[in-house]
Amino acid sequence: MSAGALLEALGLSVQAGGRTLVHPTHLALRPGQWKALVGPNGAGKTTLLKALATLVPYTGTVRYRGRDVREKPLAYRRALGVVLHEPLLYGELTALENLVFYARLYGLAAPRAAAREKLAAVGLEAYAHEPVSRFSRGMIQRLALARALLHRPELLLLDEPLSGIDARGEGLILNLFREAKERGIAALWVTHRWRRAWDVVDEVVEMQRGTLLGAVPTAGRRPEEWTPSFAEEARG
Amino acid sequence: MKAYLRAVLALAAKDALLERKSFETLIATASFALLLAVVFHFAFDIASAEGARFFPGALWTAILFAGTIGMARSARVDEVEGRGRGAALAPVDRSALFLGKCLFHLALLAVVEAAAVPVFAAAFALRGMALPHLVILGLFLGTWGFAALGTLLAGATAGERATGLLLPVVLFPLLVPVILGGAAVVSAGVTGEVTAATGSWLRLLVVFDVLFTAVPALLYESLMEV
Amino acid sequence: MLRVLVRAQKAVGLSALVLVTVSLYMVFVYAPREATGDVQRIFYYHVATAWNGYLFIAMVALSGLLYLVRKDEAWDAAGRTAAELGVLFISLTLILGSLWARPIWNVWWTWDPRLVTTLILWFIYVAYLLIQAGAEGSPRLKRFAAVFGIVGFLDIPLIHYSVVLWPRGIHPSVLRESGGMPFPMLLTMIVSVIAMTLLGLYLWGRRLEVEELKQRVQRLKEQLLWP
């Protein structure tokens, strides 16, 4: 399909228990491009994201830098940073222990240093030795983001990374996103609150009942000028 | 290969670290094994002359019962909020998740056995062991096979409602070679009566261990997705 | 392969009917009365059910492997139904063996290696059915059942070897047939085994058809509920 795409989904679909959760879908991300995926609950956004993260069996093809990710799954997973609804953190361990574990798992050269650096980047260095179970939802979300960025991925898959986060934390995370984007990291960002994402993403893609409806570029437009079709449906 | 081994060790170390926070699994597993020594002592009314005959079977029964509980618990650690998936995202073959867990279970069971063997020896009035090395070898080979199959089945049933019920029922029939082989080798080690059969038992245990470490490692990826 | 079994079930069923009738005649009339008496005639069906038990257990493992590779629900149904038949035939084997052992060995049960292996096998595949019983709608448990079927199958030779090696409390292997059988007995045995295999395949085909229908009903329901 499009030349120079970082990530491409070609006819990707997901079935579970005899139901089709995601109908054959085409989606492409260029290097450094950010797309928001919006839609009502149950539209299949999270399932699509999990399929792209190779966590859910899918049919069709996912290509990373032009290559089917099934051929080189490890190289693909190395390039991938994922924030799911579940934080993927061990509550009994401290913030630092969690990150050091993931740094070792990813085979980073200096696990402890990398963990401390990312902890500082999300503003949690003061809580390095606190068990994660004592964290607020917002702190957990920031730590989950630190975990996803730990190995310097090229592509972020984000599922509602701003949920449960207070205003200060949100500003911090949006800044992190802008930085990541400047460094050339691409992202697919699943969210309900597209207005918050508007300034960061290049395009907003709408999804409903397992199907992508269409994409709206954000450049030169204000979020108020756009209404997704599901919102109209809800109003009508 | 080096990265793979490092990931296996990181996963096992993570489980060990979680365990060190409370020692819950270890305490529950070890105390159940020790409790069984006392129960067996009274239930079978062991006279000192018969001690050596019943010691290997009783010891293995306790290891299997207690170990099954321990592994079921430890497998559930990764099910909380689906956090075990974090490791599935790492750039390492997913068989490492199995081997890391298996390694941790092996260490856990080794600690339990280190406590259980002397207590069982006392409960069964054992007057020393003729070949302690053979006892340790038998325990190690048997425990390895037990840990491998136990890790596979405990991991697969961990997220389900009936885990506690299902695990022993599915695990124990498959473990017959480990139970018989482990008991036979430990028995030979206690009495010092090493025969040609002892060699066959050791070979059988090695085949079992290698087979049921390799096959689950191959199948783990397809088992764990979703 | 599964399709063929469902499509050809009429032919399989008819030939099973014919051969089972023939084998009944051969077992009770054609085969000579052996020294141990008429009770020996159980042996023909004992062998036939045992063979079928192992055949369907192998099918469980094969279906499991294909399910893991192809992720096709049909192979999950194949494994599940094969295990049902496997457990049925192993149960029959144990019962027939016990009926035969009572007059011949004067016991209902003995710890002969072959008997013990068969009994453990029965436990393994009952466990498999327990996993499958809770697996409705859970792809993860279905895959677990597939893995369990494969692992259980690979374990059989090791279990048998370990039971043979176990020195205490087990009778010498009495079941070993000494030398050759007279030709009429051998022929009766072969015909019985083939007849029982055809009957087993026929039952499997019917059972698979039921599963297919169930899935169709499920799909229709979903089309109505999730248009």
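We call the chains A, B and C, going by the order they appear; numbering starts again at 1 in every chain.
Just so it is clear, a contact is a pair of C-beta atoms (placed from the backbone, for glycine too) under 8 Å apart; a residue touches a chain by one contact, two chains touch by 3 or more.
All values derive from a computational prediction rather than experimental measurement.
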item	value
Of all other chains, the one whose Cα centre sits farthest from chain A	C
Chain pair showing more contacts of the two, B-C and A-C	B-C
Distance from chain B to chain A - Cα centre to Cα centre, in angstrom	39
Inter-centroid spacing, chain C versus chain B (mean Cα positions, whole Å)	32
Distance from chain C to chain A - Cα centre to Cα centre, in angstrom	50
Sequence positions of chain B contacting 2 or more other chains	226
Shared interface positions of chain A, touching two or more other chains	16, 57
Multi-partner residues of chain C (at least 2 other chains)	139
Residue ranges of chain C in contact with chain B within the complex	68-69, 120, 123-124, 127-128, 130-131, 134, 138-141, 143-144, 147-148, 150-152, 154-155, 158-159, 161-163, 165-167
Of chain A, residues touching chain B in the complex	16, 53, 55-57, 74-75, 77-78, 80, 82, 84, 86-93, 97, 101-102, 104-107, 147
Chain B residues within the chain A interface of the complex	3, 6-7, 9-11, 13-14, 17-18, 21-22, 77, 80-83, 85-93, 225-226
Chain C contact footprint on chain A (complex, rising order)	16-19, 57
Complex contact set, residues of chain C against chain A	71, 73, 137, 139, 215, 218-219, 222, 226
